[in-house]
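Each structure below appears as structure tokens.
Note that chain A is present in both complexes that follow, paired respectively with chain B and with chain C.
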Partner chain A sequence: MSIMTDVSPSAARRRSVPRFVWVIAAIVALYLVAGVITPSFATFDNMLVIVRAASITGIVAIGMSYVTISGNLFALSAAALGAFLAVIFALAVGHLGFAAGLAATLLVAILAGMAQGLSISVVGNPIITTLAFSTVFRGLAALFSGNSIVRIDSDIALALGTGRPLGVPTQSWAFIALALVSWALIRRARLGRLLVLSGANPQTAIASGLNVRLATVVAFVALSVGVAIMAVFTVSQFSQAKADLFAGYDFDYIAAVLVGGIALRGGQGSPLQAALGAILIALLQNFMLLNGFTAGLRMTVVGGLVLLATGAFHLLQRRLR
Partner chain B sequence: MLRMTNISKRYGATEVLREVALEVRSGEVMALMGENGAGKSTLVKILAGIEPADAGTIEIAGEPVTIRSPRHSQAAGVAYVAQELSIVESLSVAENVFLGDTDAGLFRSPRSLSTKARPFLLKVGLEQVDPLELAENLSVAERQLVEIARLLSRKARIAILDEPTAALSDAEILRVKGAVRTLADNGCAVIYVTHRMAEVFELSTRVTVLRNGRSFPSIETASLTVDTLIEHMLGRKLEQMFPARATRMGESVVELDQCIGHGLLAPISLSVRRGEILALAGQVGSGANAVLRMLAGVLPVASGTMKLRGAAFAPHSIADSIAAKVAYCSDDRKRDGIFAVRSVPENLSAPALDRVSRLQMISPVMESRHTRGIAELFGIDLAYLTRLAGNLSGGNQQKVALGKWLGIEPDVLLVEEPTRGVDVGARAEIYRHLRSLAERGLTVIFASSDTQEVLGLADQIATFYHGRMVRVVSAESSTPESIVRDVIHPTLAA
Partner chain C sequence: MNYKMSLPIAAVLLAGLCASPALAEDKGVIVAFVPSSTNPYIGQWAKGAQAKAGELGYTLKVIENNFNQAEQDSQVQQQLASGEKVAGYVWWPFENAAGVGSLRALSQSGAPVIVSNQYPIKGTEAYWTAYAGANDFLSGKTAAEILLDACAKSGVKCDKGAIIRFPAGVSAGDDRATGFQDAVKGKLDVLTVVPTAGFLEDEGYKVAAQIIPANKGQLTWLYTENDSLAGAAAQAARENGLVPGKDILIVGGTCHGDSKHVKNGEIAGTAIQSGYWEGWMAVQALGKFNTQGKVQDGETYLADNPDAPPADSDPVFKYNFLPNPAVGNSQAAYDAAKMWGKSADELCNF
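What follows is the complex of A and B.
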């Protein structure tokens, strides 16, 4: 029998609305507002456009969520790695065929993820490490492509890049599948639990006999695989690769994670939140495009949304304390 | 000086304080006692302006005051020393004494500040500390004393000290106690929140007990005994604080032969049997923790050999010792004892993920069975299982930090300060559970600077002083005096 009389004051308040509910609410609200203001918005066709736009960003954002959840903030090397892997994929498909190209790309991606993860366990700072890797990857992309466009001619690739099974783009199928698999992995797999606990408190994780270094490596391999999928889809869709692909996209991936409400401190949140964040940003971008917002204005609004979201989640957290 | 009446506070559906009254006179030390979660912290935070009260009045020196922010509280002459110290490490001691003091002026030469700080440092027994020294070079106890010097410099009329000695060893506590007396002698009304019985009896003139958010009329300390005070806090008769000692012990499980590691000045040899509870008694820095850390694989063994179950044992990491069924729980629960942002079940299964997963997937059924098993063994209320570990009281957090190790079915449990920051009720429970585990064959080695705990819980006691082991004695043949002599000044011991 317990003689504790714990009236921890915050306990009752703590069971509050989960963050992803806020994101879904924001998506629904934006959808309704946009639907009323812009008639062409809430059509089935436009929905497909949005899902496709969200898919490419979302695939990487899901990968990025592994990094954030495992307590490594985020990577600044995703876009550059994407360009490098795109060049590798295009070259390998040209020389070895589609299947071998795919395998080579995945292999390089996994190695790139391991290299980053291991370097971070030595350097200690994911931001600085991935910033350096970003330059390395961009340089390798230029080196391998000879600074020119690498074209491919593969029917399988074209089918993969432009196909629409059941009317839905292949990119979106991959996005949905990846979101569900990642959710299950983080939620239910032993490896996912290792990531979550390492992010929640690395010292306690080490003291519990867990391999925190492994968690970091796994997180970066997961991100790199997400980046590889993006690179393969993009090269397949446009039948070409070049060294400056995805330049400037890094903020979008991070924005999706932040808008989705994944805590930067790590150990909390789910890849589904990053997926929802990507959808919210895609909705907003689409709405602004339909209404003829300029590129500069769109950038400003997305940046503002990230500030607003992180600020709101921070206040929410504080109030719970 | 201070009269708080009918203070009420609720968080959502939970009523934390209900019509609480607290009255303190100038020049007296009022001990504020109660179990964790009784509302002590909330009450002092209301007075300090950190939390607003829902209802009630506060009078200071007969004048009703409104306290809505820390600034109001300071203006009314209230000074608050929180459990987490507010010493700025990169500033000098003198600058810390006058930190936030707007009267000190913007541009003061270090020298004049130092001259101004000296009398206050003298009063708290820090005369040997150079006021120009950086605060980062001070020990925890000295930082605590600098905070008290700050209270003196501000001429606070009411001082709140929230568990000022929680992280200190007995010798350091003496200095803090002296400083608190100085505060009261200067006419300050001191509110002293603590878990330590000894301090209440030595320092306070009266005691106010909070229980379940209600206050009881204050009691003259002179009319109380430890037992009656505990009864007041728990609201019922306390069963004995410490369980009975071991009746039977098995073969030797852990052996240290001439072991030296960082923090030890002389080799240590020890032997601990199955089912035995061994206390390593010593002040902070005595080397008692080093023994645990060597066994846990955290601290390399510089020379000497360790044996576990008769075989050589040389762990190089925590993972090694866990694999050998040796569990280690450090004294810093927040840093490496719990995952505050994760749920209690996730905390409890962390060291034993392979026991709750099948084919690399976590099985909710196995995890729930695992969690409930530990909860039952260690008396964790099942209602807490849905909570985040960080939202539990100190006592329950400690049960989680210790209990999670039962999942690996350890042979040896190494614990530093098993009940730091834990209230009386949970403390007795933790002692009882440790003993019942020992009866089932677990060997427990714990390091502690709490003499009462060392004497009450252990079968054997190894005393440590300045990196050396003084002696190993049976708990039955020891007295508080003999232990304290060993750990404070062994040369005086016969």
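What follows is the complex of A and C.
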């Protein structure tokens, strides 16, 4: 049996359609239907817009997938950490320059990830712990920024935030690269296997001598690095940071993971699925925006999609057992 | 402690109290209920309110909620239950309609209540003493005037356009959109009104980057309700091959965020809506009421004097509006713009 799944060998034989195929099918179906209904939807320009829109959410969702796969459900601190790291990056770039700012942001991100991972190892509840960390990070963002807009004036940052190599936004290149690297890491690297096995069955993993605590720390460091990348891109694009950046984005990150079909109980799935989930949601959001859906209706539909996806994947899982 | 010892101690304490100028001038506590100052505009509002309270001899207690009306309602209940005697309340609800119950509870305490920032809902007049703050209808109207003026001057053919507005449920967004649409009626064609999920550049970009390519060749103008969203829209327009100011006219109408897009002409112009002065005038209105003891019916727009703020001796009206002086879209115009003794840079780049 593959280490990526806990289904029985017979079930594995019966399984003919992996989850990511369902997500790809949903993306293709939605693209075709939306293209027929809305002529301005199925254009190359709009496709780039959708990938760009999916990128910022997707980069964090890829990081979030490490947390879910490692059996720690999800983090409610990603948006607040993003605001804190954005403020740190803007302050550091302003005082020390771009390279030092980038290094400082990554360092703080790694420390924030380690702090969360170790705390969860002690407290045991990722939801409560990350909720508390969320408040801490938002508060630190307000303190460090003095409740003011922190501006930067860096040509390198602006080029990073607004550049379009080969016509594709830098954020989208980072999204694609991160998805592929993360997929390889989870599927091929020893560290990835540690995350998957710890998430699939923590007790067995501990009994087998695996360091589950390390897996939790690694997962949260991966999430924090994803958040840092998103924060750096956002500050670079708009040349400023504020304490209330990304407020309300946590649901988007989690939704991408769930719609991508990553099992909430851990031990299954890959970061590519989170990336596909982000693209599916961005497609749907774009279609609704172009057709004048109100914000309330858009939220309802995305929430409904998450319910539908989690319900469908759960039923699929039960059928396979 | 015996009587002989307590008497001199009491005398010393009393003498100390009388000798302290701060305490001697203290006119009491003003309690302001506002959303979180993690939003820089609200942070500025609190700074202005603190400055004016200090100047008038009040102590200002700012109670912030985390953008949550239920939390704000609970804060009101706790404040009232504390029995603290206050010189007055300043009420900035997070959700205007949902906060009416708390507003009524504050009014029933007997202390004066000044509503700020969120234009009061019709029918609640008995629950508040005066409104002192921004007029979002005026903000939308000023933005429309800036845009129409830019259309006339630039030679850009202005007909179809779109409004990118604040999130649904934010009454300031409704009022600005209404003020704008009323002012452009019969002159411009509003193709679509799209709400964002927030007030900052990232949300503005998210929407603008999608509606601009979808309506390519059609959009000749965009109104975005503030300059943060307008700056992001300008960036999205450029990425779609449109030159802001030439191919498409963009107006935010409220200076908020990075002013470079106004200074370099990408945004058609802006208007000063100062968080600092809005907080300042809310406390001033309360101070005026406590001194003068009355509120005049009707409304007043405080003069947009560039050099000095309005006097404390002026009467307080039921509706007291913050002026929205327009600012041209050039470095020189921006540098020259002032309101009540502070420059546009000080008031807008916070």
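Operating definition for what follows: the second predicted complex is superposed on the first by the 307 of 321 C-alpha atoms of A that agree within 3 Å, B and C clash if a C-alpha of one lies under 4 Å from a C-alpha of the other, contacts with A are read in each partner's own complex, and residues count from 1 in each chain.
Keep in mind that, in the parts below, contacts are C-beta pairs under 8 Å (C-beta built on N, C-alpha and C of every residue); 3 or more make two chains touch, one makes a residue touch a chain.
Worth saying up front: this structure is predicted, and the values here are computed from it rather than measured.
*Asks:* One more residue to check, A:Ser148. First (chain B), second (chain C), both or neither?
*Replies:* The second partner, chain C, only.
*Asks:* Please work out whether A:Val123 is in contact with chain B alone, chain C alone, both, or neither, and reply first, second, both or neither.
*Replies:* Neither partner.
*Asks:* With the two complexes superposed on chain A, say which partner A:Leu197 touches: chain B (first), chain C (second), both, or neither.
*Replies:* first
*Asks:* If you stack the two complexes on chain A, which partner ends up touching A:Gln237: first (chain B), second (chain C), both, or neither?
*Replies:* Only chain C is touched by A:Gln237; chain B is not.
*Asks:* Would you mind listing the overlap between the chain B footprint and the chain C footprint on chain A?
*Replies:* The answer is that chain A has no such residue.
*Asks:* Which residues, counting only chain C, touch chain A once they are in their complex?
*Replies:* 36-40, 42-43, 67, 167-168, 192, 194-198, 200-202, 205-207, 209-211, 213-216, 231-232, 235, 239-240, 257-258, 260, 349-350
*Asks:* With touch defined as at the start, can you tell me which chain A residues reach chain B in the complex?
*Replies:* Chain A residues touching chain B: 1-14, 188-191, 193-194, 196-197, 200-201, 203-211, 263, 265, 267-268.
*Asks:* Residue numbers of chain A touching chain C in their complex, please.
*Replies:* 40-41, 43, 45-46, 49, 52-53, 56, 138, 141-142, 146-149, 151, 162, 164, 234, 237-240, 242-248, 286, 289-290, 292, 294-296
*Asks:* Inside the complex, what are the residues of chain B that reach chain A?
*Replies:* Checking each residue of chain B against chain A gives 11-16, 35-39, 42, 211-213, 234, 318-319, 322-323, 328, 330, 335-342, 346, 350-351, 353-354, 357, 360-362, 379-381, 384, 387-388, 391-393, 395-396, 404, 425-426, 428-429.
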